[in-house]
Structures are given as structure tokens and as C-alpha cells.
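Look at the two complexes coming up: chain A is in both, with chain B in one and chain C in the other.
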Partner chain A sequence: MRHDKHPLKAGTPGGRRPLAAGAPGGGHPLLARVRNSKYPFIVGFLIVPVALYAVFVISPYIQAFQIALTNWKGISATPQYIGLENFTRLFEDEVFWAAVRHHGVLLLVVPLATIAIALFFSFLLNLSGGQKGAGMTGIWGSKFYRVIFFLPQVLAVAIVGVLFQAIYRPDETGVINSLLARVGVEPIGWLIDPDLALWAIMGVMVWQAVGFYVVLFSAGMSSIPKDVFEAAALDGAGRLTLFFRITLPLLWDTMQVAWVYLGIAAFDAFALVQVLSVDRGGPDNATTVLPLEIWRTAFNFSKFGYASAMGVALFFMTITFAALTLRVTRRERIEF
Partner chain B sequence: MAAGTVTKPSSRTAASHARARRRRNPLGVFGALSHIALAIWAILIIGPILWTFLASFKTNTEIFGDALALPASYGWDAWGRAWEKAHIGQYMLNTVFVVACSTAGTMLLGSMAAYVLARYSFPGNRAIYFLFVSGMTFPVFLALVPLFFVVKNLGLIDTHLGVILVYIAYSLPFTVFFLSAFFKTLPTSVAEAAMMDGCSHTRTFFQIMMPMAKPGLISITIFNILGQWNQYLLPIVLLSGNVEDKWLITQGVANISTSAGYEADWPGLFAALSMAIIPVMIIYIVFQRQIQSGLTTGAVK
Partner chain C sequence: MSKSAGTPGEITRRQMLRRIGLTALVAGPGAGLLSACATAGSPAATGSAAPTAAGAATSAANPFGVAANAPLEVVIFKGGLGDSYATEVHEPLYKKKFPQAEIKHVATQQIAQTLQPRFASGDVPDMIANSGTDLIDNAALQQEGQLLELTELWDAPSIDDPAKKVRDMVAPGTVESGLITGKPYVMNYVFSAYGLWYDAALFEKEGWTPPKTMDEFKALCEKIKAKGIVPFAFAGKNASYYAYWMILISAAKIEGNQLLIDIDNLVDGAWQRDSVKQSAAAWAEIGKYMDKSFEGLIHTEVQTRQNQGKIALYPSGSWLENEQKDQTPDGFKYALTPTPSVTAADKMPFEAIRAAAGEGYIVPAKAKNPKGGLEYLRIMLSKEGARGFTEKSGNITVVTGAADGLQLSPGNASLSAAQTAAGSNIVTYNSFEGWYKELETELRRQTNALMFGRISAEEFCEKMQKAADKTKADSSITKQNRTV
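Up next is the complex of A and B:
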């Protein structure tokens, strides 16, 4: 303890240091630690981060389960325990089921589309530059494309949402509609047509996500040893065979990570829907998602108990998804 | 062929030239198609962002005219209005202040915790580590209601300090996870030598281990800056009272977009959007290598 407080003096007094230095081989670290008691240091380093984490992260998570069992409404009202009533009400709530359905669609479409597009582009970027020697090389300008593709990933989702309001505007002044007008297509109400709105929002999600997965898959592809490709190429495998028989199987682990990440993102979508959709989740709840309903129920309607019950439902859906994905897609790891 | 390439380098180049010549045609078509596909996506990415920049120079009538026309003149009026009247300048300064404090705090506390968890064995080490790591899997929406009241009961609602502390707390799981993996990969011999020479644990950490961990620290710092700069949910919950002067940039821009309909200053909105995008883009272009590797290695580990 004393030494911790006086780092400059530590170890200088005679006797201890020669002893430690003179100890043979593996004894050094042990002696050093005994001399400089480590526990005050460990506690000193951990106490602030753990305290902060416990107060702002752990305790709210635990309280959420408790609040979900109450009928707490309004800031001044005292909460009463009502058991599982919030959940029975939740299961009869049409908006809740609409939100769950939307998560289902997001979960299916966004990861599939993103992974397919990202795989296609990372294949073009990394393996389509022809075969110099026997190795595969990237296409000319691949660095430039990678920088551009990744760009939306660093923009705030809320900012992207505002940006796409102008792109999707329903009359001819919208960017897409004015492009369509040039080829004689009537303006399309991207965000005001209940059948289209969710797809328009998913388009933005894919737009923003693809670059990240291109870089992720590219990293995965470049870690596949060149001699695997060389051997296959010598055996006469073409570009497509190489992709489907070599690259894809060896990228499996990376794709699993991608699927989990995109799936978890599909359970969020809050900022985009809140900012971009008409009437926050509209038209007529056609794009609403659970996080949006949680936020609205809590901070617009002050139904804190009910909002927490939705949070618990969301939690179990997310955990189930992650566990299922990891279980279903588990395979033998290929070491290389 | 393989034997030939090993023994005679000159014949190898000749062979590959011959092969290149043979393949030029099919490769040319394939390469051209690849470039077209890649260029289309690049335009899809750049287009909306470029359009936003251009729209900030347009007038209201131009914005509601032909969407593909260029602005008639380039003046900075809208940018000035967005900065002053729509308080984008204020929001930007608030965000810089909050993100600077919270990233510094996250890095300091996160690396301290990660270092201790990675390099020292003590009872409870694994438990604390898993406590931190489990925070990465929980949806923040579950904690939203109680978090609001925790911050409120501490008297920190509608204050920047509250936002900073919450940002730090919610950035810790990934930071600790990433950095403890990083500290584990660093050689132990240097730290041991320092301890032998009488360096205290604290000093070993700040003067030996932190400099050694620099690449990892840089990646995760950029990761946290971007993540916290782009945060939207926490500001709208924690700064939800009547405190517009304390708002952060994402919150401010989203709010302008909902009120733009009434005030009808569309160029101002696009100027505000551009201002929110530009700093992030500059950071990205300068650090793009670290950002890409930092974000993606974080995903794989």
C-alpha cells in the first residue's frame, strides 16, 4: 500500500530489491507481487468502473423486471404489484403484435439482403482481380470502394433518417420519385403507403449496414491462406467454384457473427423508425417496432409498468434469437 | 509449371504474362461488370449525402422544384441560419463537450478495469468480467424506464453530467471486453521487469502498459467517439425536459426535421444535416483504416 502511494520510492530501500533480483528464475513476479501488495491496487482500479456500471446498467436491468409486474403510471403515482396482468394485456394488444410481426420481417429480410449484397461485393473486391501467379487478388480500386461503402456506418442513424426523408418524399420533389419521373413512373408514396413503408425503412437499414459487412467479410477472406486457392486453382476450379466451394464454407464463422449482429439490429431499429416513418411508426402502425412502443408508452403515456413489460418481452425475444442462431448454425470449426 | 517457376524466375514472369494475355478477354468483361456493380453501389452511397450538401445551398423553391437540379447560387446563408437560429452551433458544442468527457472517462475507467481483469487473478475476477460482458447482450430498451428514474433520483436528469455518466456506464461492457482481450496479448516480461525495478502497480499500468496498448486504445477510442457522437436514444430520454440549450446534435437535427414543416426553412435543415455529417466524415477519412479494423475485429472477437 505504502509503495503504491509512493511509486518513486518503491523498491529503492536496500535489502528488498537485491533479494528479489537475486531470486532465481520464475520467482520474480511472485516476489514482486508479494512485496507490492496487489489487493489495494485491484480494488482501487475496479471500484469506480464497477460502481458506475452497477448503478446505471445492472440495477436498471434488474428493476425493469420488477417494474414490469406493477401498474406504475405517472411520476407521482405509487406502483402496485399486479402480477402478470401487464403480460396478459400485452398478448391482447394489437400494436404489440404488429410490432412483433415487423421484427419478424426485419429479422428475415435485413440479414438476408445485407449478407447477400455484402458477400457479392466482397467477392468482387477481393477475388475478382484475376489470378496473378496462382493467388487471388483484389480488383483495381478496391480500397476506394471499401472506404465509400463503409461511410454510412459512421453516420448517426438519426441523421440518416432525416436525410432519407428527403430522398423518399412522396411527391415529385423526392429524389427517388424525381428520378422515376424521368422514365415516366408516377410518384410512389414510399413512406405513406402502409404496404411499402416498412420496405422503404428496411432499404435504409441495408443501405447503412452493407459496408460494415463488406469490410468484415473482406477481412475473413484475406485470412484464408492463399495456398488453399492455389491448390484448388491448380485442380482446375473456376472463379465461381472457388467462391462457393472454398470461400463460402471457410467464411461460415464470420457469417454467423454477421447474422447475430444483424438480427440484434433487427430488434432495435428505434432511431430510424422514430425519425423516418410518418407519425412515428405509421402510417397506422405499419412500421412500428417494440423499442418505439416502449419509448412511447413510457415517456409519452407514462405507463411505466406496461412499458417495462414490453421491455421484458423484447429481452426474451432477443436472447432466444441469439441462442437459437448460435445453436442452429453451430458447426465444426475449420482451423487454418 | 510449379518446378519451372521455382528454378527460373525469368520464366515465371514470362509464363504469367502469357497467362495474362490469354485471360485478358474474359477477365476484361468480368472486371468491367464488377466495376459497374461496385460503382452503382458507390453512387447509391454518395448520392444521398451529396444531394444533402447541395440542397443546403438551394432555396425553398429550388428544393421543392426539380430534385436533380443544381443550386442556382452557392451562398452560406442557410449554414449561418442553421448555426445561429437553429442552434446547431450550440448542439455541436454540447456534443463535443459531452463526448470528450465521456470518451475520456470510458477509456480511463474501461482500461483500468480491463487491465486488472486481464492481468491479475483474484477471487471474483471471472464474475466481474462476465458481469461486464453480459451487458453487451441486453437490449438497452429493457433498462430504459428504470434508468430514467435512477438518473432522476440522483438529480442528474436534464444535465450533461448525467448523460456523460450513463454514456460511460453503457460503453464499459464493450470497452472492457475488447481491451482485456488486448491486454492479455501483451507480453508479460516488460511489466515484470518494471515491477522488479520497484515500479508500483499503478505506475506500471500508466507508464508501461498504457503505451504498449496504444493500438488497441486508439481503435476503441475511435469506436467510442463515434458511438457516443451518434447516440440518439439516450439524449432524447435523459435530456427530455425543457432544456433545449443542452440538447445534443442528433436530437437537435431530428427536432428541426419535425418542426421544419412549420418554419419552412428547408435549406437550413439540410445545412444542419451537413454540419452534423461533416465532422464524422472528417474523422472517418483520417482514421478510416483504424475505424474499419477496430469495428470489425471487435465484431469477430
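Up next is the complex of A and C:
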């Protein structure tokens, strides 16, 4: 399989690193306290990681911008510059727009579903068991469930893909379809029905992501002071009220981060689509995503220039999304 | 698809990718980065082929003037064919001829990842078996002046009969199959035929005969279906081109090879000719006998089901038998039948088959010992070399008569009979599959849509014509041309 990291992908914002590096709270207080005499010390620590970051992250980004202006085929040492032709080409590219539409759907569904499910689970695991001693507890067996939920996160995406190949197999040898067959339901073409395929793949994405966000939200919930809950409980708040009036508002920051992360994941989806979908992105382009088209354009069609232009487009989409999300969801921070 | 090399599955990936001419340049992260950086700097010396090994005098036994002591580096794609044919047959033959020459053997499954940085830096081997999922785009290499033209090889005297040229010792069409912009650059070595494969034992037991016309095919499908067997299938998930081969072969039988030539040359309206429409409509009818679920299966899954007796006819090429040998139960006898005729007025008879040379071997223009590379290819094209290849890999080569006297498997025997019956009625290969990958990708997509009943034959032709027109209008795609 050829779905692992590749140079163009490195040049597109598929990963989380660039954002994480610029994420709020990433070390400004520390720097502020530094005195001049300490600079060599700090620089000594930073020089290696920053150099690595510059060479392996920043420079491919810049190169992608450069290559996007050429008609490079991937072999010659001297690509020709063709101006913005690759970008004008994008506007007429049906497959490109199909991929963009799919990212739109992914962007709505994957973060919403993942966050909703993860919130629900982490609330059950942490707070729904009622009061016990000094604080709130989760439902019975919550520690066990926590491990179970996190498990998919440990699996490599490729393995998840191969697993779901068997789960979604369209005839009665598939895991889901063999269960359906027992109750007399005809096999469902999870990945071969153009109307269903993208949803099936989103299902896998959500399944894999939920565990991580359960842990993330659990951490967020455990940092909410217990007396807040106690006070609310004393005032007669039920579980629903506790969840919507106390937990949710106090988790806002964490959810904002989750939304950005999941949004970026929605701009990727490369490996799953590549492994699971019919004819890579099919049937009839029903599941294709930009990273897959970038990969295909570069490595199948030998159009590295055009592929880089797609990469640049994807870069701006991701950046716009992240900036918008952080801005739109900005609220007054509640200090506790 | 994630199967390791050496498994039977690999041979199809490798062979089919060669066959569809997957000119994909699949470089790994490292290779890509290195080459990406390389764009900034080193100037390209394009077009020049300057052999660096000091040549020796040419002679009848040494037509290229190979320096006897020049080292030779051979890179072999180690997939379904293995690499023992090189280490145990061809390399010893070379060594026997040039005992002083030191042979460096490199076996890899990742030709592009291994070699792309080496091409960029100029340190290239002398002979490459350019195959597999990760092969290097031959056309792109040629455009960059990285490939040695093989005219010299084809015109050299054959090892077996110095009175004849090498080109006269191979199956017709072999040299042509390796043309890029009209000149031979690739030596395609393995000989394959395409058609519908079935289990001769099962057909005999049930009293079925392979269909000669599409009407017979439909009637047979009904009979097979009544037995609870799927009459026809292909794997939509990764091998829909097996089906479009059938569509295009049938269309070529209706109209003649000129259709395929016109399709390759992007002639206006070629996809919307009656021959393509009739063929697509006829195959779409056959598609109705397939289970919908086959669109979500990969080729090995479908092929194994055929071995289990659940599928009657399967479109593929002659590597199928070798690919499936571990899954094939005793008593299963692979046999090949040509694609059925569509109309009574077909230009080509039912017996016509598509047969073609595949599995490309190249000599880099900037190799240190390109003469040695050519000589190595000449040795491969000798009877001894070809016979050894067939013994080690189970595949027949383009060298005529080299496998004579070898014990043939049922599939190979059937292939040989089909070839004899076809005589000169050979359907040519589709070169656009390698030339225009975007068109090919669209054809895969539309083939699934047609065969699984989402679009009509009319729409199929219309969409393909649109894709062909788009390719034709795309200035960034280098146009190719063929006349034979």
C-alpha cells in the first residue's frame, strides 16, 4: 500500500504540527520571563528542533508553493514555470470540486458526530455516576470502558482500514452483512453504493476518533472544580442540567481545540479513502478527497506541478478553517 | 491489495500495472523530498546519452563492443516473478561470456523509490526490470533523455542464429510494444494473452461450451445462473480495467484494430462510434448477471471465488493461472476462451485474441556500462535465457519457440491453442492506458458505472468521449501517436 506519508502531503497541512506550534499558550509566559543572559541556553535547546522543523516542514511547504507554479513531472531537475495556469485549471476540474464538496460534508459531520459522542461518553464515564465521597464519579466500570474507547486510537489508520474492509465487505462474508443475513436482511453495499460510501467512511473516522476525545474531554471535566458540581447538585440540578449548564460551558476551550483538530482530520481522510473506497475515491468519485487527488495527480499522472497547486489550495482551506473556527468560537474564558 | 511480494497476488499487480502501463511514479517520502530539493539546483543534462564505460571493439560475438572487465549493475523488480531468473540464469550467462565483469545484483520491490534519486543524481544502474506497483514512468524518463534507445539491440545479431536479427526472433508486435514517440526504448519480455478464463473441468462436467457470440453468452449465463453459480464477474474495487479490456477487445472485433489505434490517437468521436456503443451495450447486459457486491471486492477475492467454483467466467490475462496457483484446487483446469463476437458482421473472427508483450526492461542512457546493459538484454532474448526464465518464473517469453518442449500447465496449453487458432487475428493493445493516465482513470470509473448498471452504454460513450477530448485539449499532456 502506498498510503503513508509522502512529500506532497508533507507540503500540505494534513498534520497537526503547524497548528500545534502556533496554538495559543505555547510558551509565551516562559519567554517573557527570560533574561538576556539566558538566551544562549534557550537557543541551544531550540536550535535543533527548529532546524528540523524548518527543513522537514517549512521548506516542503515553501517548495510546494514554488512547484505549484511549474509543470514539473517529477523527474527533471529544471521544471518550467508556467505562472498560475495550474490554479486556473483547478476551477474547471470536476474531480477537484467533488473532493472539495466531500470535505464540506466531512467538516460538518465528522467533528459534530465525534464531539457529540465523545461528550456523551466522557460525561457518562466521569460525572454521571452521582456523588461519591468528595467528587463525582462515572458509571460502573468506567475505567474499563475508558480503555476500550481509547483502543481504536492506538491502531494505525492502515490497520483500521483493513479491519473495516472486512467489516464493510459488500457480500454476506462481510462482518456487518453476515449479521444482517442472520436476520434476513439483504447485504448492504456499504462502500459500493454511491449514496452510502462517504457515510460509511465517515463512520470509520468517527469510530476511530471518539476514543481520543473521550480522554481529552475527561481530562477537561476532571479539571472542573468539584464544588461547582456540588453546589449545582445541592440546588437540585439533574444530570441533564449539570451537563448543559455546568459541564459544557466549562469545557468550551477543550471543545474548541477538538473542533480544530477534527476539522483538520476532515481535510485529510486520505488513508481510509485510499484503502476502503472502490477504485480509490469511487464509486463515481463519491468518496474522493483532496489528499487522494493530490496523490493521484502527482504519482499516477506525473503532474507534480498541478498536484502542488491542489496542495496549496488545500493549505489555504485548512488555514482558513482553523482561523475561522478559533475566531467564531471565541468566548470569554471562564477562570476557575 | 496489501500483499507482500512473492505471493501469487503480486504478479497481477505487477503485471497488470505494467500492462495498463501504470506510468505512476510512486516515490517514497525520501525520494520525493530529495528530488524536490533537486529541482532547485543541479542543471539537467537532457537528451545526451554518453556512455562512460570505455567500449571494446565490436565483433560478431560482441556486437555492442562491451568492455569485458566493465562492472554491470542489474536492478530486478522482485515480485511475482522472483529474481532467481536473473541470479540463476541471466547473470551467470553474462558472467560466462565476460568472466572478468563484476555483476552487482540489486533486487527491490520499489523501483521508483530506489532509483528516482539515483536518476536525479546521475548514478544509474545498467539494466532495470522496471515493473511493479512502484515502477518509474518510462515515458517521463524518455522525455528527460534518461532512456537508451534499443534499436541497436533489435538490429543486433541473435545469439542463437547470428544470421538473424534479434527482432526476428521475437513474437510479432514485441518491438512495437516498447515504442515511445515512435522509437524502441522498452524491451517487453513476457508474453500474455487476454480473454475469458474458466475451469475446463467444470464446463466439461456441466456440459457447457464457452460462448462464441454475445447471444450464446447470455444463454449460457442463464444456464449457469440456474446452477447457482455467478456466470461472470470482475473485481470493481481495484481491477475494473479487466472489464474495459473486454469491452474494447469486443469493439475492436466489430470494427477492427483501427478503432483501438484511433482511440489511442484521441481521434474525435472515436469513443462514440457504433462499435464501442454496441460492445458496451452487450457487456452491460452481461454485467446484469454479476452480483452487485463484486464492485467492492478486489481481484484476488474474486479470483479465489472462481477457484472455489462460485464464478464461471472471469476476464483476465495469462498470468492468472500462475497468480492463483496456491488457491487453485486439484482438478481445476484453467482455460482461455476469446471474447465473444458481438455482431454477425464483425471484422475479426471469434478466434481473434489480444496477445501482447509485457514486463518492461530498460537500459538507462546515462548508465556507466550501457553496452553491457544491451548485451544483458540480448542474453535474455536468447533461447537459453528465455527458456531459463520460463522455468524459473512459469511465464512464457516473447522469444519464439523458446518454451518448446517444456511441460505446459493447462492454462498455458490452452493459451497456446488459442494463439494457434487466432493466427494473425491479433487484437492490439491499448496504448492510451500508459500514455494518458487520466483518461484511463476515468475509463475505470465509467466501466464500473456501466457494468454495475448506473449508466447506459450511450452515457458511457459520451462520458469517455468527453474525457478523451479533455485529454486532447490539455496542453500539459505530451501527446503520443501510433499507426500500428
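The definition used in the following text is that the second predicted complex is superposed on the first by the 275 of 336 C-alpha atoms of A that agree within 3 Å, B and C clash if a C-alpha of one lies under 4 Å from a C-alpha of the other, contacts with A are read in each partner's own complex, and residues count from 1 in each chain.
As a working rule, contacts are C-beta pairs under 8 Å (C-beta built on N, C-alpha and C of every residue); 3 or more make two chains touch, one makes a residue touch a chain.
Computed from a predicted model, the values in this text were never measured in an experiment.
Engineer: Would you sort A:Pro60 into first (chain B), second (chain C), both or neither based on which partner it touches?
Structural biologist: A:Pro60 sits against chain B and chain C alike.
Engineer: With both structures superposed, pick whichever of chain B and chain C touches the larger number of chain A residues.
Structural biologist: Here the partner covering more residues of chain A is B.
Engineer: Quick one: is A:Ala271 in contact with chain B, with chain C, with both, or with neither? Answer first, second, both or neither.
Structural biologist: first
Engineer: In the superposed arrangement, which partner chain does A:Asp227 touch: chain B (first), chain C (second), both, or neither?
Structural biologist: In the superposed model, A:Asp227 contacts neither chain B nor chain C.
Engineer: In the superposed arrangement, does A:Val50 touch chain B (first), chain C (second), both or neither?
Structural biologist: After superposition on chain A, A:Val50 lies in contact with chain B alone.
Engineer: Classify the contacts of A:Gly282 with the two partner chains as first (chain B alone), second (chain C alone), both, or neither.
Structural biologist: second
Engineer: Touch check for A:Val162: first (chain B), second (chain C), both, or neither?
Structural biologist: A:Val162: touches chain B and chain C.
Engineer: In the overlaid three-chain picture, which partner chain does A:Thr78 touch, first (chain B) or second (chain C), both, or neither?
Structural biologist: second
Engineer: Who does A:Phe299 touch here: chain B (first), chain C (second), both, or neither?
Structural biologist: After superposition on chain A, A:Phe299 lies in contact with both partners, chain B and chain C.
Engineer: So, A:Leu179: does it touch chain B (first), chain C (second), both, or neither?
Structural biologist: A:Leu179 contacts chain B only, not chain C.
Engineer: Overlap of the chain B and chain C footprints on chain A, residue-wise?
Structural biologist: On chain A, the overlap between the chain B and chain C contacts is residues 4, 6-7, 10, 60, 63, 67, 158, 162, 298-299.
Engineer: Could you list, by residue number, the parts of chain C that touch chain A in their complex?
Structural biologist: For chain C paired with chain A, touching residues are 1-2, 22-29, 32-33, 35-44, 46, 116, 119-120, 133-134, 136-137, 140-141, 143-144, 146, 236-238, 240, 291-293, 295-297, 437-438, 441, 444-445, 448-449, 452, 454, 476.
Engineer: Across the complex, what residues on chain A touch chain B?
Structural biologist: By the definition above, chain A touches chain B via 3-4, 6-7, 10-12, 17, 20-21, 28-29, 32-33, 36, 38-39, 41-42, 44-46, 48-50, 52-53, 55-61, 63-64, 67, 117, 120-121, 124-125, 128-133, 139-141, 145-159, 161-167, 172-175, 177-179, 182, 207, 210-212, 215-216, 219-220, 234, 239, 254, 257, 261, 264, 267-268, 270-271, 274-275, 290-291, 294-295, 298-299, 304, 307-308, 311-312, 314-315, 318-319, 322.
Engineer: For the complex, give me every residue of chain B touching chain A.
Structural biologist: Checking each residue of chain B against chain A gives 2, 5, 12, 16, 19-20, 23, 27, 30-31, 34-35, 37-38, 41-42, 44-49, 51-52, 55, 63-68, 109-110, 112-113, 115-117, 120, 122, 128, 131-132, 135, 137-139, 141-151, 165-166, 168-170, 172-173, 176, 188, 192, 195-203, 205, 226, 229-233, 236-237, 240, 249-251, 253-254, 256-257, 269-270, 273, 276-277, 280-281, 283-285, 288, 291-293, 295-297, 299-300.
Engineer: Applying the document's contact rule, which stretches of chain A touch chain C when the two form their complex?
Structural biologist: Residue list for chain A touching chain C: 1-2, 4-8, 10, 60, 63, 66-67, 70-79, 85, 158, 162, 168-171, 187, 189-192, 194, 278-279, 282-285, 296, 298-303, 305-306.
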